Amino acid sequence: MNELIFFINKVVLSGAIIGCIYALGAIGITLIFGILRFAHFAHADLMTTGAFFALIFASLLSGVGPIAGLPTGFVVLPLAAAATALLAIGLDRMFYRPLRARNIKPILLLVASLGVTLMLQGITRLFAGTSIRTFFTSEKKDIFRIDVPFDLATRNIVITEPQVLLFVTTIVSIFCLHQFLTRTRLGKAMRAMADNANLALVSGINTDTVVSATWIIAGVLAAAGGVLLALDVALKPDLSFNILLPIFAAAIVGGVGRPYGAIAGGLLVGFSEALAVFNWSLLIRPFADFLPAWIEIPTRLSIVPTEYKLIVPFVILIAVLLWRPTGIFRGQIT
Amino acid sequence: MLINATNLVAGYGGEPVLNGVDIELEAGQIGVIVGPNGAGKSTVLKSIFGLIGLQQGKVELEGENISDVPPNRRVGLGIAYVPQEMNIFQTLTVQENLEMGAYIRRDDYTSAMERMFDLFPPLKQKRNSIAGNLSGGQRQMVAIGRALMVDPRLLLLDEPTVGLSPAFVHDIIERIIAVARSNVGVLVVEQNARRALEIADTGFVLAGGRNLYTDTGENLLNNPAVAKSFLGR
Amino acid sequence: MSVILEIDGITKRFGPVTAVSNCSFQLEAGKITGLIGPNGAGKSTLFNIVAGVHRPDAGEIRLSGEDITGLPSHELFARGLLRTFQIPHEFSSMTAIENLLMVPAFQIGENLVNALFFRRRFISQEREVLDKAASVIGFLGLDHVKNELAGNLSGGQKKLLELGRTLMVDAKVVLLDEIGAGVNRTLLNTLSDHIEELNQEFGKTFFIIEHNMQFISRLCHRVTVMIEGEIVTEGLPEQVLSDPLVVEAYFGGGKRSTTPV
Amino acid sequence: MTEYRREIVLFAIVGIVVMIILGIFGQAYTLRMLVEATCFAIIALGLTIQWGYAGLFNAGIMGFVAVGGFITMFLSFPINDSFWQSDAPRSLALFALLVATIALVLFGLSQMHRIGISQRVKTALILVALVFAFFIFNSNLDPIARMIEKEAGFIGGLGLPVFVGWIVGGIAAAFVAYWIGRACLGLRSDYLAIATLGFAEIIKHILKNADWLTRGTLTVSPLPWPVPTPNELGFITARAAYLSLTAVLVAVIFVLLQRAYQAPWGRMMRAIRDNDIAAEAMGKNVNLRRLQIFVLGSGLIGFGGAALVSFNRIFDPSGFTPLKHTFLIWVMVLLGGAGNNAGAIFGAIAVYIIWVMSEPLTLFVFDYAAHYGSLLFGWEPPADLTTRALQSRVFVIGLTITLTLRFAPQGLLPERRIKVS
């Protein structure tokens, strides 16, 4: 029984946690790809920058968290999200829009986003240094240990407060996004423009507004992902490159331009990472008595060694690109 | 005069495709543009809608010069345009396609939508279906319906019957007549010349980016020279 | 009469739509054959199948008796089938003359080892290609823009360049895809003159898709008519263009459109 | 000469800047910078043929640099006697035999359509076989790797001449590029970028974690030089010797690429870049040619990477970062002018100077800011201010990319039009 709890902690929960983070980033990637037609390489840094904004607001407003009974970093999330959305729009106005206006090849917009990602990295590190930062210097991180009502189980399912908040935020964000895209005029216009930009123009849709809305949504979700990741573990400045390829993997697995696909893709990548490094011998060991004696259970039996965890998303990414570049959910319509 | 386009000279860079085309149409009338490929038929619609800039000439809507108004604002002035291809939002439902047509409307447009479903009954049952899954004829209905949602004064249709089976061609033409009866000017580009000229109040025969003949549809149909200009004899 | 290109029982479906249905006809060597038909008749699909862009669902294309169905387009070129594009496909950041220089396949200098180390091996061939391109540029009347980037040329000049490609190599069959579309009358006459000259003096075989009837009736020795994915008639231009069926199809609502389905 | 005025002026400016740096920072520093810049120039030439000639977006430069660096380390590092005296070589040989057997089985499976087995069944069988192969590979390699790490540290090098290492490094990078190219070159450009970046990341992780082969994070040093080392000649002479070697290499590669560019081969590549459909219709085998130039360019990148790693005298797999080895090269090529070989060299030197110089310049600014800040406002600068200054490099490089795209999208030395008289 303990082994099962271990499995839940190590795979189900941690896979879902990192999967949610990836999903929040991948939605932005996929929306930008759908509407502006380029791969936005600066997205992971938008996420880290969002976390830095939260860090700044949290240090300015320390003490707000305990009043609300939530981590300060989470309480200031709306502020950080607003700042990130503004930053995203500003970046578009400054660096992407002038290039779009010249009808440049989309691949050069990708290069421009590389430039933007370097600038963001440089600036955040210049001002915040390269050391690891955490939101929990003065506050303590609540940890919930859930008892499992079985006699054999002595261990607990462990989940922290930021992780609970992450699940709640992800579910709420996805619900709101779904409502926005299917119910509101602007949301439908976004889908229309992703579908057929020329016809959107012909229908009188103000494409500038749609582009701004895209950046706002992408920025808000990126900030949410970045802040919650920083709350869950810590804010490492070089975090962004580690999440860049996983979120691209998630977006491509889900089929670019499809927000719901990106969510599924994020979870898929997250679970794959967790499953790939899980030590299966823990699950098999309880059954050792039933196995013939000549089978020796190794102490470590994982699909890939832990050191290679980071390349799991890349392998998924490349497999999907080669096997089905349109994504595995291409039948789904946004 | 609803629309008065004079001496249109326009192109896509390089040599102009239109070399001085004149189009006039009254409200409630159907104008048909016919002519061989490369004559500039589609280009006429695009320049009236403002998708390509004019090198010379001007476009007047009810006497007002709109030559410099960008296309998305011409929608607000009451001009709706249905491109020849890619003219629906494939991943949106039928109803959402119609809502996108009404994007610039701030008022309540439910009555306009009901009218659209009356005009195109097949769309009513399919209102929540994804438009990309519809048949060719129904897609064309969605395309025209989307354009009509702004209650336009002038409707521009680029080859609405291309690739449709004959039964649907008939259907679409009937609807075009119905639209014109509600006092909308309809300007249609058609490959299917005879069929189109039969319903035309005014026909414009273009060749080489110029007006070759402009007359009533009936007169053009009975004009042997028109047949000649098509078949080169 | 010697047949050079045979189109035999070609069928192509896109989803539920049959774009081309069991089409067969032949091209005679040294003749200009035209393919006409109203929009959506499947001409372009058929053309693209011959040019190796689409693979047919059924049927066979034979060039001088050899089956070439479904070969990639660079192999078709190597076998002597050259196509032009309806919308000019120029190499925009290369000069006009370079656009022609690159046409001949299997140039010695296209081998990397030769390009790097053995200039002597390809220099004489390069000179020949240059001479040829210079004379073609002159023939097309583009001498004054030969060092201009092709992307900066006018639409008509790009069309001429498309045609110029056909002069750079000794192709067995040249496929012209609406070479006259979007071209003004003067240029159209120039193009027709060029094609006529190529056919009469060099004996080139042409296969033309065209909407402009004057162009077709002036140039073509044989005309094939396609309607709704099928070949309905073929023959001499005068016969075909006066065929009431064709007149009806082209000018009226299509052969069967008058009878509701 | 007027035709080349732009080139002359720009290179003259670079020369003046180098002189100024020489005056301020001294000979050893400047020589080191120039050697690194010339190594980057070789890498940039590799990229400019991929992107500038053929329009292929390779974002996996880091991977090819790492392969070149690893091979040169493996071939040129002195022989590790404790490895050769242990049982490990025999086990490794047996393991190699096992790998060959697996490869043979997989090849056999891939040919099964010849005996009438359907494509679907074949794919399924190959996938199953791959999973088995993966586990067999891992479970057999692990004990050997542990044994080597315990008894000998790592397998060491082969003690071959450095130049052999560079050449084989280039060939190995080209070989890796061949397989990556075969798999990925059919993708559209933005997916190609993401896929190549992913492959580079995989290569880096394998090198970083295969401790028995590369010592992983422990790093291997000092790598031998192809010219006498500073220990023998002193910093300045040794670096000058190294610089003359790399400068000659850059010159030779430049001349060769220039010839290829002007030959029909280059013309064909540019045609493929401009319009692949038309090039295919004019008889060019587009897929094959793209693969060719991808392999050639990646080989050059591997070669340049090998020269760079040798010069740094340390093989550190964690040091292969996308930032330095991929994006920096992209800025070099874009600023210099894609498709212009002289531009790539100019870009490499200019951008490397910008990259290196932005740190001292920022420190300079920071010093003033800290000085006057504390003087005027009583501001207490954070303690790690000097280490942070390093980060300004990243910002400056990012700014350089975006400014180049905005104001000189063709680069400072745009591709030249080849005129025919």
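Per-chain numbering from 1; labels A, B, C and D assigned in written order.
Note that in this section a contact is a pair of C-beta atoms (placed from the backbone, for glycine too) under 8 Å apart; a residue touches a chain by one contact, two chains touch by 3 or more.
Predicted model only: the values in this text are computed from it and were never measured.
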{"item": "Chain pair with the higher count of C-beta pairs in contact (B-C, C-D)", "value": "C-D"}
{"item": "Chain located farthest away, centre of chain A as origin (C-alpha)", "value": "C"}
{"item": "Distance between the centres, which are taken as Cα means, of chain D and chain C, whole angstrom", "value": "45"}
{"item": "Interchain centroid distance [CA atoms averaged], chain B/chain C, Å", "value": "32"}
{"item": "Where chain B and chain D are represented by their mean Cα positions, the distance between them in whole Å", "value": "56"}
{"item": "CA centroid of chain A to CA centroid of chain D, Å", "value": "30"}
{"item": "Contact graph of the chains (line, ring, star, complete, other)", "value": "ring"}
{"item": "Which pairs of chains touch, using the document's own definition", "value": "A-B, A-D, B-C, C-D"}
{"item": "For the chain C and chain B complex, residues of the former touching the latter", "value": "38-40, 153-158, 178, 180-185, 187, 211-214, 216-217, 241-242, 247, 250-254, 256-261"}
{"item": "Complex contact set, residues of chain B against chain C", "value": "11-15, 17, 19, 36-38, 159, 162-163, 165-167, 169-170, 191-195, 208-209, 227, 230-233"}
{"item": "Touching residues on chain C, where the partner in the complex is chain D", "value": "51, 72-74, 77-78, 82-83, 85, 89-95, 97-99, 101-112, 114-116, 119, 122, 126, 129-130, 133-134, 146-147, 149, 165"}
{"item": "Complex contact set, residues of chain A against chain B", "value": "185, 188-189, 191-192, 194-196, 198-207, 333-334"}
{"item": "Residue numbers on chain D that touch chain A, as the complex places them", "value": "57, 183-184, 187-191, 193-195, 197-199, 201-202, 205, 208-209, 322-323, 327, 330-331, 334, 362, 382, 384, 387-389, 391-402, 405-406, 409"}
